[in-house]
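Have a look at this one.
Each chain gets a letter, A, B, C, D, E and F, in the order it is written, and its residues are counted from 1.
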Amino acid sequence: MARKASKGGAALTHIDAAGEARMVDISAKAATERTAIAEGRVVMGKATLDLIVSGNAKKGDVLGTARIAGIMAAKRTSELIPLCHPLALSKVRLDITPDKKLPGCIVRATVKVTGPTGVEMEALTAVSVACLTIYDMIKAVERGIRIEGIHLVEKIGGKSGHYRAER
Amino acid sequence: MARKASKGGAALTHIDAAGEARMVDISAKAATERTAIAEGRVVMGKATLDLIVSGNAKKGDVLGTARIAGIMAAKRTSELIPLCHPLALSKVRLDITPDKKLPGCIVRATVKVTGPTGVEMEALTAVSVACLTIYDMIKAVERGIRIEGIHLVEKIGGKSGHYRAER
Amino acid sequence: MARKASKGGAALTHIDAAGEARMVDISAKAATERTAIAEGRVVMGKATLDLIVSGNAKKGDVLGTARIAGIMAAKRTSELIPLCHPLALSKVRLDITPDKKLPGCIVRATVKVTGPTGVEMEALTAVSVACLTIYDMIKAVERGIRIEGIHLVEKIGGKSGHYRAER
Amino acid sequence: MARKASKGGAALTHIDAAGEARMVDISAKAATERTAIAEGRVVMGKATLDLIVSGNAKKGDVLGTARIAGIMAAKRTSELIPLCHPLALSKVRLDITPDKKLPGCIVRATVKVTGPTGVEMEALTAVSVACLTIYDMIKAVERGIRIEGIHLVEKIGGKSGHYRAER
Amino acid sequence: MARKASKGGAALTHIDAAGEARMVDISAKAATERTAIAEGRVVMGKATLDLIVSGNAKKGDVLGTARIAGIMAAKRTSELIPLCHPLALSKVRLDITPDKKLPGCIVRATVKVTGPTGVEMEALTAVSVACLTIYDMIKAVERGIRIEGIHLVEKIGGKSGHYRAER
Amino acid sequence: MARKASKGGAALTHIDAAGEARMVDISAKAATERTAIAEGRVVMGKATLDLIVSGNAKKGDVLGTARIAGIMAAKRTSELIPLCHPLALSKVRLDITPDKKLPGCIVRATVKVTGPTGVEMEALTAVSVACLTIYDMIKAVERGIRIEGIHLVEKIGGKSGHYRAER
């Protein structure tokens, strides 16, 4: 799952030589089109999932609300994550799919920018907040909900090239 | 893990009879002391964890930055989660523990309020954003990082009484 | 429509004797339950309304999105309106009704608080932002949309007593 | 007032084929100069208008405060309107004119950007929040205030060309 | 100027035994009325001050804008200062006085709350942002501006009692 | 310290001919690389400084927290300062140095952008909020703290060229 990280002199780019956090200088990087796709899931009981899909929530407002919360959160990533750069996102899309096998919901975010740095954090933040919003709306009927497997699915553009998670 | 959810007429409190999202009326609830503890983990490669613990980040700025991000996010929960009530939090504490067995970091948030509703969402939001912040600071050295197991550990106070997750 | 305003020495409470804006001192006011209901409407062409009600938006996401935007905006009123006090809202509800006669949508917000001051501005802000959100989602198909008649419908609680707009 | 909206296959761009809200992809659009002018009015009693123009507010702080609130709100449009793109505005100007005939105030906002999408929503949000701010500052002396006629006056730039409202 | 700080076991309350930042638990503290007054000054050239007082800014919009910015900033203190508690401020007042002797402007903020903790940081944040706003509006005509002497003038209420700065 | 300001027709750019505040139009300005460095200091008692450097805060969390607060504040400058333009910052760096001679801490911020306008206000806001955060964390042990000498140290890029403060 992990790439080799610290062979020789690998170092964390967000930490300078004195061990202090900093916002990395991206002024020399070109503004190019970049896309990131992230995913996570909210795991719940079968009865709770039924409520989301066919209960009094049948008009879709649990998933609709989570979708909006995720889109809005993507736009606020640089306010939440201290060392993220502000970016003028050109697209945010949230797909939330109920999954009976989990049981639960699979949340996927696709974010696009034309800018000097990537949008992984924006996609991951959108997924996290959409998952939290689903959690919030069902927590009164179930307490053991878990948010699992938040990860980067795919990354296109940028000097590090195309990345696709193995599974 | 799940409580029985919809035996008989269980319904989602955040959705009204017409299937529309709403912010639940809590004006009749008493302001009492409530605490919530949530947890999650950031799973990474061993080499990446070493960088956090003893690399150029040795002065603790990865975990310190994540701690601050989590505390600040707890205070903004009602801006991020559409149906959360604004609350005047009386305490937020983030504990982040590197764990060689994962390998990765375990993030725990403890949030307290004297108010009419609980602070689960605030604790879960603090954990989520702290995990995202760790992710952000190490993503340049490893791409396969995953955020796992975000859940409520314990909840004290409020009319539903004491809750403690089974594991 | 207007009450008599300045017979004798009426003065604006948000402006002091020197003509300077200030946030009024409410520390001597009791925290009591207060409700405000506000309304406004988005006026559009019949064809546009049809799209909202039965077009590709038929699953309700235009109105659902506007509802969420209105609820979230109510919580941010004191960030937007310079002299508004921050308040811990206990309820926010948005009702949006398509109306063929307008044609358009009628937006109504109900906001409640237990606090030292009223929530008219929160209800009016929720209505305004919900109207703007509807506007945003339909502006690509129609440019002549108008937002009309944003006003306070009813106000309950507080020392000035019950108020109900004449129409 | 309305353009023909749905002849043939018109559809809402903010809603996808599945009826779900999304932030439209603007990455293929060129960054060009765009201007939008919006207008609205706050209708009040004559006595209230007198207070704004020549009462204890005579130094202009009601209108000055509303102007600042409108400018600041324009910059936060993408935080308030769920599907709006964040934009680096290059100019925001608010003009507020007392009008004895209304009686009330006419609020006009001019917003400019060099970017891939227009700024109608920014101009309309600036007008709305400036109107709400005027409302807030006079509501203690008059309850029947109404905000009316928020609409787009003019739009310059962008692929849809020049638009000017008929009245 | 300084109180004796670390005789014996004095320690920073915002840092726990492990040296980690935390938001102090105030849940056991009573909600009482508390006031804080802070002050600072913007030092500029005489010609610049003249512009503020009698130039094209004569209608007071430099000081009026700074006043509004300070009031709004006070309300956002807990978003800016990581370990500050969110508080429902009951009053914020900014007084800005041009001073020919400096030459410059003296900025004073008075903030009040009925709550479990004090409002020094809110008053100091209001002063800081009002000073920065004045700076912003005059920086095109003078570059050597300095913001000086931001400090707490007076603090009333709370268990530590009345405090008044010596000068 | 001051440049000659108003010889002949100098006027404040943020104020129009009618004396009203406005956000200056920067749409005709080229996007070029610009850097600003600002500085300020927090003056405290020697015992308090010792606590920061070697007390229970020895792991650096006072300065680490202030650094993060400053970085995050830089990104929010346009939300705080009414007439500032939103800018996509490409770098923010905070350097905080304990200084026994003051005694206190010297706070320096370096901000970079590729954009149509400069980043002085962003650097000054970062310094101000970092100073306020240090103040917040030590105020329980000392009340006479002062924030002094916030000023622009250096400015590179932009049509007005290189500027360096005399001292």
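Criterion: a contact is a pair of C-beta atoms (placed from the backbone, for glycine too) under 8 Å apart; a residue touches a chain by one contact, two chains touch by 3 or more.
As the structure is a computational prediction, the values presented were derived from the model and not from experiment.
K.L.:
Between chain F and chain A, is it the same set of residue numbers doing the touching on each side, over half shared, or a different set?
P.N.:
Chain A vs chain F: different; shared/all numbers falls short of half.
K.L.:
Given the pairs C-D, B-F or B-E, which one repeats the contacts seen at C-E for over half of the pairs?
P.N.:
Comparing each option in C-D, B-F or B-E with C-E, the repeat is B-E.
K.L.:
From the mean C-alpha coordinate of chain B to that of chain D, what's the distance rounded to whole Å?
P.N.:
37
K.L.:
Express in whole angstrom the distance between the two chain centres, defined as the mean CA positions of chain A and chain C.
P.N.:
32
K.L.:
Which residue numbers or ranges of chain C touch two or more of the other chains?
P.N.:
In chain C, residues 20-21, 59-61, 64-65, 68-69, 72, 76, 79, 82-83, 86-88 touch at least two other chains, as defined above.
K.L.:
Which bits of chain A are touching chain C when the two form their complex?
P.N.:
Per the touch definition, chain A meets chain C at residues 59-61, 64-65, 68-69, 72.
K.L.:
Would you mind writing out the residues of chain F in touch with chain D in their complex?
P.N.:
20-27, 78-79, 82-83, 85-88, 115-116
K.L.:
Contact residues on chain B for chain E in the complex?
P.N.:
33, 64, 67-68, 71-72, 75-76, 86-94, 112-114
K.L.:
Could you pull out which chain D residues touch chain C in their complex?
P.N.:
It comes out as residues 1-7, 10-21, 40, 43-48, 50-52, 55-62, 64-65, 68-69, 72-73, 76, 79-84, 120-121, 124-125, 128-129, 131-133, 135-152, 155, 163, 165-166.
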